[in-house]
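Two complexes come next, and they have one chain in common, subunit A, joined by subunit B in the first and subunit C in the second.
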Partner chain A sequence: AEHLPLTPEALKVSVNSAQQCLHLQWTVHNLPYNQEFKMIFQIQISRTETSNVIWMGNYSTTMKRNETVHWSWESELPLECAAHFVRIRSVVDDARFPEWNFWSSWSSWQEVNVQDSTGQDTLFVFPKDKLVEEGSNITICYISGNIQNDISCYLEGEQIHGEQLDPHVSTFKLENVPFIRKGGTNIYCEEKQRKAISNGTVLFVSKVLEEPKDFSCETRDFKTLICTWDPGANTALDWSKQPSQSYTLFESYSGKKKHCEEKNRCNWQITQDSQEIYNFTLITENYLRKRSVNLLFNLTHRVHPMSPFSVQFENISATSAVMTWKVHSLGDYFTLLCQVELHGEGKMIQHNVSVKANGKYLLNELEPNTEYVAQVHCADDNHFWKWSEWSGRDFTTPEAAPS
Partner chain B sequence: SMAAMGSCPGDFHVLLGQLQKQAHAMQDPSSLLDPYMRIQGLDFPQLREHCTERPGAFPSEGALRGLGRRGFLRTLDATLGLVLRRLAAVQQQLPEAGRLGRPPAARPRAQDLEMLKMARLNILGLRNNIFCMSRLLGSSWDVAEPTQAAPGTSPPPTPDPGAFQRKLEGCRFLRGYHRVLSSAGQVFGEWGKSPS
Partner chain C sequence: SHTLPALGPAERGKIFKELRSLSKMLLENVKEEKGVPMSQSYTLPCLIPDAQPPNHINISAIRTYLQTIRQLRDNVTLGEIIEHLDKLRFQDASKTNISVPAGTLENKRFILTILTQFSECMELASKPSNSEAQRAG
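Moving on to the complex of A and B:
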């Protein structure tokens, strides 16, 4: 069969220095019309010179004639540190066309040169102000241009030793970089003879974004849900490199979403038509990572009543008293379990009372002429979740009447 | 323009004594430069050596001495205005949200950030006394901030030198600031010897 020249053409290479990425796009002109072909593209990437191939890999895709294919490659070395060269070839990997199952010739090399520092009397250090996550492996380089002096580089005051990539470029591999400070980790190079700091860079190492812990929601009034969580480390960095992580609440049944202003709590409005079951996802995000936790619960099982109020004592006699208190209404069908604690004579006695509206309890078998403290807190009687805060007061029983 | 914030002592020697004390305290690098270097991670021998005043950034002691009293006060006030703006820029790069929901950031950093805030208050206090002294000397001025570019003309944008160079530049700036305060202290000291 006739050998079709399926060499990839119109290869364009663009650079994203910050992400240390090469973006490639190309096409294949000579594919027959109106048909999709399964293709494998083999990509070679060289560094410093074409003969020094540092990466080769295959990319499979289906395409039509003149369709543009896109592909990206991330370099471990900052792209400013060396010239890179890219070429591609293709093969039709389609059972329908076994006769075309042979490699095309290579495209011509495409050169990518981000930083032309030849002939410059300045030392450059790359990457410049890179944001990375704690624990990453990073490669740094300096380009010395015309500078002939002996150059030493330091990371936080400690000398670091690199490898010569070419007469003007040295690279340094930093493994498992730690978080040191919000202001970043300083890496700088010194010209020994002149004892002058030629240049440097800052590696902004972010703490790893943690999954929120102890994510919990409750209501105190059936009007608002209060969600709280432990955010863990704040991943904000100085120099506007990364703000504090953001927190967003998403409820799947209602489809509603809310950005939380605070970093460890968020209020969610309960509307009249709200459902009883809530399925929350708490999403936290910074520039480097996104995490989420889920929480599925029944609203009526998460009632944390507000503390009782207006605690009063009536009919106080030498040996008894009637304790009354008010509660914030939670609806007609809602029963509160209230716990009364009586402290006096070095003892504490506890009583439980079920309460629908306001509470009332007879304290008897008291001692005359004695000071007591009585307090009450309440919880949901049907589905216990949390006790309210205590409310209470002291009272003193009168002398017993002379018998 | 310059405005008094606090009250003004009416006595020349009392006011001069305060100015001398303030200048003496503020020329000490531990009050601003050292905490700045710690926050920025520049607290290493090579970098300390490199953190030198940039020639021409601030008036020399001789230049200050040659200005005469009113000119000296005006220049010192303008210099302090410059430093306040630089401090504001540094502060903006330090998001201190503390440890979310937990105690504020690690102790050393919190202390250093506090010192940066104190330095700003000290500068405001010194500017206030400078204003009082200028009034005592009977001069009234509308201080033109020295680096205020003429309205409508903004300096051509220079490529971002990168955080490391900007850290070093901040360091050299503050080195100069402390030196100017030391020089000002010397000049105020000489005032004490000759009343007019």
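Moving on to the complex of A and C:
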């Protein structure tokens, strides 16, 4: 049987200038009812005039009769710089229907003209205040409308030379654009004779958002988890173009999420009923990119005790002293390993003590009439993670009693 | 009618000298950014037409322009300058309307152009007027 043409119809093209994207939607009316077909659509995009095809590609999808298909295309050239034209054709690529395997005719060209500057004695520069990532390749253009005289363009004050796209449009390809300052990279064009005819733009080049490094969490009191990381570069830009990147903690077992106020640390409340194993994802995001890092750990293996306090010395004699100290409680079943350091006579002696509650240690074999410094720090005895900070004091042994 | 501020010539002179150095500092800071050309489209009304020293500097209009710049790009020095201007300002001075240009580069050109003219204006304002020069002579 003679098959009806499957030319794509109702082609609509919309524009997102900021993203330099064409959004297409179309349908195919003549497909048989109640059937899904594997189809290939061939899309042609021309610039300035229909004969100047700059892009062609295929898009495969399955669809039904009268279903709307959506597809987008990103232009390397700002869409204001030139008129664009789009057309489509289709073929059924379905083994079940070999008879349909032939290209339809093309749809008619759809024109997209974002910036009509014909006849205007004005200079336009595009894109306007675009935000890009360091290292990107960018194309800038000026449109000179009715202006006949030469136009010069400058990047950060240095003249740049472009290519003529048409009598009124020149394009400038900037490759691997560097970050220069938070206020953006300045691009400016002017007519050589009448300098008042000028225009320009700022290219906001953002540093690349880095994956957080050294992501680590610990608790000092079994009440709060303190997570820290190295954020890398701050990607904030001036002129409200991009705030500093955001950081969010997500814990998968509890399903809870927290927005972190600071750029390199975040506190997470440990509730009574919370689990022992934590699976954190630290997500960082700016306008251009999103990155994340994971951390899986057992809370009891990440205890960083607070420093001991109330260090005292009792029964100080010419050759011995009893050192005592207090520790912040971490629960009845928690054992601390405390390390005592004794400094005196140019020597340092170290002793280890396991401590459940408060600590006590006999310092003996001391020298009479000698000044000593004794300090102590502690760590988790079961799963060593980190020493606490030191606490300590000095003391002096008395003269030996006359023998 | 204008209510003259309570400041005497000496105090006004001191403030203008301070404004001159602050405006230079601010301008140097802005000038550091390359690739921003001056514009012929913006003019800071430095002088009040037909007014005689010492009240010939259009403090109110200058303040409005600098406040506009402050909304575009806040800055500590700018805040200091506006505080000094407030000491000099006539109470019921005329209102100045400013339309801020669109686009970041145009904003930068506006700021550079106005701050350059402000610096020149403060240079002018901190010069002793003829009468003051005679009295001092």
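Operating definition for what follows: the second predicted complex is superposed on the first by the 398 of 403 C-alpha atoms of A that agree within 3 Å, B and C clash if a C-alpha of one lies under 4 Å from a C-alpha of the other, contacts with A are read in each partner's own complex, and residues count from 1 in each chain.
Just so it is clear, a residue touches a chain if its C-beta (ideal position, glycine included) is under 8 Å from a C-beta of that chain, and two chains touch if they have at least 3 such contacts.
Predicted model, so just to flag it, every value in this text is computed and none were measured.
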Three-chain arrangement built on subunit A, subunit B and subunit C clash or fit: clash
Partner chain in contact with A:244 - subunit B first, subunit C second, else both or neither: first
First (subunit B), second (subunit C), both or neither touched by A:76: neither
Touched partner set for A:49, first subunit B, second subunit C, both or neither: neither
First, second, both or neither for A:314, with subunit B first and subunit C second: neither
Partner chain(s) touched by A:198 [first = subunit B, second = subunit C, both, neither]: second
Partner chain in contact with A:67 - subunit B first, subunit C second, else both or neither: neither
Subunit B versus subunit C as contact partner of A:190, first or second or both or neither: both
Subunit A residues touched by each partner, larger count belonging to subunit B or subunit C: B
Partner chain in contact with A:155 - subunit B first, subunit C second, else both or neither: second
First (subunit B), second (subunit C), both or neither touched by A:121: neither
Common ground on subunit A, meaning residues reached by subunit C in one complex and by subunit B in the other: 128-129, 154, 156-157, 181, 183-188, 190, 195-196, 200-202, 204, 238-239, 241
Parts of subunit B lying in touch with subunit A, wherever the complex brings them together: 39-42, 44-47, 49-50, 92-95, 97-101, 105, 109, 162-165, 167-168
Residues on subunit C engaged by subunit A in the complex (per definition of touch): 33-37, 39-41, 73, 103-109
Touch list for subunit A against partner subunit B, complex: 125, 128-129, 154, 156-157, 180-188, 190, 195-197, 199-202, 204, 230-234, 236-241, 243-244, 263-265
Residues of subunit A defined as touching subunit C within the complex: 128-129, 154-158, 181, 183-188, 190, 195-196, 198, 200-202, 204, 238-239, 241
